[in-house]
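Both complexes shown next keep subunit A, but they swap its partner, so subunit B is in the first and subunit C is in the second.
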Partner chain A sequence: MLEYTTIINNDYHYVINSIVQNFPCISIILSFLSGIFCAALKSKGAKKLCFFNLTVGFALSLATLIYCLKVGDYYIYMMGHFPAPFGNEIRVGVLEALMATSFTLVMMLSLMGGLKHIYHDVLPDKQEYYFLMMTLLYTSLIALIYTNDLFTAYVFVEINTLTACAIVMLKHSKETLVATARYLMMSLLGSGLFLIGISILYDITGHLLMSNIKEGVQNLVATGRYTFPLEMIICLFAIGLGIKSALYPFHSWLPDAHGQSTSASSAVLSGLVLKGYIILLIKLVYRVFGFNVINNSKVLNILFVFGILAMTIGSIKAINERDLKKMIAYSSVAQIGYIYMGIGLGNELGMVAACLQILVHAFTKPMLFNTAGAFMDTANGSRKFKDLKGAARKNMYAGIAFAVGAFSMIGIPLFGGFVVKYNLAIAALNNPSKAVIALLALIISTVLNAIYYVPALMVLFKKDDSTKKIVVIPDKKDLGFIISNGIFIICNFILGIMSSYFIKLIIDGLKVFS
Partner chain B sequence: MNKIFKSLNDFVNGVQDEKENVHLKHKNKKHHEKVLTERIEDIVESGENKGFNKFYNVIAILLACVIIACMIYTVSFLPSFGDPTNPANNEVVQAYIENGIRDTGAVNFVAGMILNYRAFDTLGESTVLFIAATTVIILLFKHKTKEEEKAEQLEEAKYEDKHDLILRHGALIVVPATLVFGVYVLFNGHLSPGGGFSGGTIMGAALILYNSAFGDNSTKTFFNYGIHKVIKISALSFYALSQLYSFITGANLIESIIPNGIAGNLISSGLILPLNICVGFEVACTMFGFYSLFDREEI
Partner chain C sequence: MVSRLFTNYYETVSIIIFGIGFVTLLLNRNIIKKIIGFNFMDTAIYLFLASKGYITGRIAPILLEKLGDTNLAGYQAGTAVPNVQNYINPVPSGLVLTGIVVSVSFTAFFLALAVRLYREYKTLDMHEIISIMNREENKE
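Here is the complex of A and B:
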């Protein structure tokens, strides 16, 4: 007979000695509950419940982050009465808590900034479902961040896929239905490849818990068995998650899904949903295969090449775009390329830069999408640049926020984007075989970013002499929008100026991550 | 059935009319002004891209073949099925079999595994069902005014065949038996094969059969949108709350106050029986909801 208490007593990571350690589990179940109860409420009540849940979730994640920083080590939280691999568990460290805190903040701010558009774009009798989907999307994101089990990860990937499609679909128009169908197909293809990978991995290692799989994989590598299936599994995981996070050759669903949906949906989709899968990929790299196994396989080189292609071709597509929201969406493709390039460099510094880019992009892109929504109000809902002439002058708050976001994405010093590029360059110099290509790609992509963001700013800030009538009068006193953009701008400056603190946090987090 | 054909016909006609209009419109547009659907139409209409399409198809088929070959090659490496020395037959499986009854009180190991050992995953799975049902509601559900509802009922009365004696008498015999069997499978989930997912599916099938035999009005007397909502929400929230209790006591090493009971009794195995019932109701509601929404855009 197996005594579970011996397992728990042998590993001090299981010890619960502070009430704070319960907070991640409470925040996951609480958002489950509030998501379910949103279905019973009307639109106003669902909105209140959603924001209440996000506020509580933010406080709980922040407390967890502070606790983890104090302790400096990770801990394992049993989900139930049995320790893993028999039961489920979640694993909490500095990096997970940092990601959960910032994701909660970004979600809250993007909903706050796009609230007016949600009420405008979603049919009145279906608005409660919007908040339901957002709450469950948030649940799946934090569960993906905290989980330490591959199958649990798959279940939450499923929830993430369905809710993400639903929030695109909820804007009532023909285009969003087509975009949703494409998004759903591609996303399900990605989940399918991921699931096949999990089942083959279970077949050759016999485990679903990440730390146990790592032992099994190290064993297999040491004895030299199953080398081909292992390589295949890494490929399946990389491609599956690459499709879901819109890595370059698999990005075709992104511009329509992000460009057509309502501004809060676009903000959350590009700021958070894509990042959830990338965090899962980083988890796979560190916890399931181990950095060395991944480094020795050829897959990292492929991710590196795809990342560089995304950085350049995504930007070129954005230059050709005459549609503001689609331009920002293509810019997302390019920015995701930076993350994959950081992972593909195959050293610790590259990973740190990738994690930093996840944060910077999460705090910048939602702001750009929300301000794009505000600009569209000044042009009767048109997204075309020719109608948006002088839009920033009509809504100065949005103009300032867009300028900050654009400067950050171009990579001007003092803003978050610069720090990422600087760190990526340092990481590239540490990997001599890829240094030249990576640095060239960084330079080219920075120039290309400037080529589309600067003209966009010039058009938006141009004096508009024509006296077109505005039907939808921009609500200049939309307090939620102003506050959310203000906090986004502050966060951008914090990430840009106090970056060394965040880099230290990420390095500490990655140390206890594996 | 007739109604479905009719609406399908209307839909096709409407789309054709619209298509002609759109055609005239988007001939005058420039490329970057067109939406995605119009671009696709353009590509299909114009012959310019035919060469590219052929090339694209050939490449796609070749790529698919390569991937299939790789997959099959991978499978050839895998350990053979049923071999006792397989990596999957490890201490985890052994522990489930040896300690399953002591730990969970469930004679059915699968129920013990999905609802006690790995209850967090199953909470996620039932939420997937909830989300799927909600998504279909978002797509298809129509809030009807009373006048619309009346008009619809009149329309319905034309097509509803009230004298389908074989279906009605058959349903009278089959529906109660199916329902009872569903409840049996649900309540014996911890004792015999079955449980929430299978029992719920059987119950949902019984409801669907009842609905197609006796019509909407008689179904609505005991199962309407309000009741559907209440059952769904209360089942899932009970699940989440009980799991919150179980997770927090488990992680803090506090003994749960819910007794496991004597293995083999109907009322035993702690939380598994109520959770099975919750999952079952959730699945039945989702099944019937899908059918009803696709059939007539309401529940």
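Here is the complex of A and C:
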């Protein structure tokens, strides 16, 4: 005990000298408390508390981000005052603060944009539970981003899964039950693999804190012991988190879960929930195993191949889809493929592009799902393209937002999606063995993206000649929807035009990440 | 290689049970059997963790004022045992406890879902439920 205390006294990363350094911990605890209180309130009060919590969370994470940028280094915050190998701790750097800030913003905007549909789709006596689940989902996401302990990460992965399934199920319909059952089943398989991976890793290293595990793993690799279990563990983690983040061969649950749920749920699920697991995977790569160990194992090649398959086959499935929300959901599969391809390239630039894609996709997909919900209002809730003819003309705000999102996903310059593809291409050129395949996949996937987004836009903006009566008249003055989409559009342009600033942030963040 | 499997028989058994649970959860058509498979899978992990934390001949890490008549080597009855060397590793037990909480809540959630699915579709067969759902979707 004594020697560890001296280590900590000598490590300046443990020094807490600013009140801002408490903010990540405060935001996690605050969200937990608000979640508990949401259960006791009525629907209106729960909504207010949820938004209050998100606003405070946003302010706190923004302050943390500014502090981290000023200091330019990470710091470690002890949860419970037990020193390193025993206690639990959170670790905050530029990348974590950046992700937490943008995730909070996206969460707030998605809820704001889909609020009308939440009141429409969720039974009145269950609406407070919806906000309860959203608050807990938010807690688990930021805790996943900040934590430095592998088992805590597992617990929050499980909370994330449970709440994500619950927000799918809370839409009152028969189909969501089936979608939830499939989602839950696949998620449980993924978390089972993840948990057994943690158990074996604990077995051979004897630690649960990520930094300590890394020491143990590097030691094992240097002495050449336990090479087979180590590779097994890396595979278990990659497949477990791959299932949960809908990597291509394990994506079968995604279109149903994202397509059937209410628009705010779909927005949060595809924008944030999938990303939480990927951030955990990046953390595992950098902080638990070390980049060299992962690079020497073959798992990056597997992720690379799966990523490329996701990019192409996800898009082909989207082309065949006649259902607007399911098409956007399949597009998510393809976009997740980009992230995994970036990770699979196995160099620093690929990882930067992957992190950038996490941000861009988080700011684009929720907008697409929310606008899809608005289009469905013009067609009596139908999601089929044949009923949605001319929907964008009936709701012009949604039309503009959908067009921006679609252009970003296709990868037209000035939009976020283009920057990601550009950076992925540069990263691919730096890895000669994978360059040709990666570039080909990028080209094919871009063409395929255009093949399904452009016709969708054409259908939505076509003049509707039929004299079908609209029963549910779209609420054009839905202020929350307009504001949220406005901010989403602005964020998309910021990510597209000022991308060099964000890339610098991510590079700085990754430097202090390991 | 094979002899190692017998030396570490706890791990072997737990991985086999994990595999049984995993396949049941993935492939079985009945939702209740799926839930049972999930519980098999998690229990196997607890067995693995518990066997990893156990050290032969040591006792649970509870600070005893009086040892009673347990016959630990080197310790007489009636003396306090503050020494770390007498205890098993308590961390895996803590992990198992957390894991049990997680798996119980998931089981409850899954069972509630099964009840609602049965109420809507009058069957617990996942394939049948999906085919009923597709039929209803095509009818519209």
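Keep this in mind: the second predicted complex is superposed on the first by the 509 of 514 C-alpha atoms of A that agree within 3 Å, B and C clash if a C-alpha of one lies under 4 Å from a C-alpha of the other, contacts with A are read in each partner's own complex, and residues count from 1 in each chain.
Here, a contact is a pair of C-beta atoms (placed from the backbone, for glycine too) under 8 Å apart; a residue touches a chain by one contact, two chains touch by 3 or more.
Only a predicted model underlies this, so the values are computations on that prediction, with no experimental measurement involved.
S.K.: One more residue to check, A:82. First (subunit B), second (subunit C), both or neither?
M.R.: In the superposition, A:82 contacts subunit B only.
S.K.: Looking only at contacts as defined up top, I'd like to know whether subunit B or subunit C touches more of subunit A.
M.R.: B
S.K.: Under the stated touch criterion, which partner chain does A:162 make contact with: subunit B (first), subunit C (second), both, or neither?
M.R.: A:162 contacts both subunit B and subunit C.
S.K.: After the superposition on A, what does A:181 contact: first (subunit B), second (subunit C), both or neither?
M.R.: After superposition on chain A, A:181 lies in contact with subunit C alone.
S.K.: Per the contact definition in the header, classify A:59: touching subunit B only (first), subunit C only (second), both, or neither.
M.R.: In the superposition, A:59 contacts neither subunit B nor subunit C.
S.K.: Check the residue A:189 against both partner chains and state whether it touches subunit B (first), subunit C (second), both, or neither.
M.R.: The answer is second: A:189 touches subunit C but not subunit B.
S.K.: I'd like to know which partner A:221 touches here: subunit B for first, subunit C for second, both or neither.
M.R.: A:221 sits against neither subunit B nor subunit C.
S.K.: With both complexes overlaid on chain A, does A:126 touch subunit B (first), subunit C (second), both or neither?
M.R.: first
S.K.: Now for A:450: first (subunit B), second (subunit C), both, or neither, which partner does it touch?
M.R.: A:450: touches no partner chain.
S.K.: Do subunit B and subunit C touch any of the same residues on subunit A, and if so, which?
M.R.: Touching subunit B in the first complex and subunit C in the second, residues 151, 155, 158, 162, 165-166, 169, 174-175, 178, 196, 200, 202-203 of subunit A appear in both lists.
S.K.: Contact residues on subunit B for subunit A in the complex?
M.R.: Against subunit A, subunit B makes touches at 32-33, 35-37, 70-71, 73-74, 77-79, 86-92, 95-96, 98-99, 102-103, 116-121, 123-125, 127-128, 130-132, 134-135, 137-139, 143, 229, 232-233, 236-237, 240-241, 243-244, 246-253, 256.
S.K.: Taking the complex as given, what residues does subunit A use to touch subunit C?
M.R.: Those residues of subunit A that touch subunit C are 151, 155, 158, 162, 165-166, 169, 174-175, 177-178, 180-181, 184-185, 188-189, 192-193, 195-196, 199-200, 202-203, 208.
S.K.: State the interface residues of subunit C toward subunit A in the complex, per the touch definition above.
M.R.: 18, 21-22, 25-26, 31, 34, 38, 41-42, 44-45, 48-49, 52, 91-92, 95, 98-99, 102, 105-106, 109-110, 113-114, 116-117, 120-121, 126, 129-130, 133, 136-137
S.K.: Which part of subunit A faces subunit B closely enough to touch in the complex?
M.R.: Residue list for subunit A touching subunit B: 1-2, 8, 16, 21-22, 25-26, 29, 32-33, 35-37, 39-40, 77-82, 85-88, 125-126, 129, 132-133, 136, 139, 143, 149, 151-152, 155-156, 158-159, 162-163, 165-166, 169-170, 174-175, 178-179, 196, 200, 202-207, 216, 226, 228-229, 232, 256, 321-323, 384.
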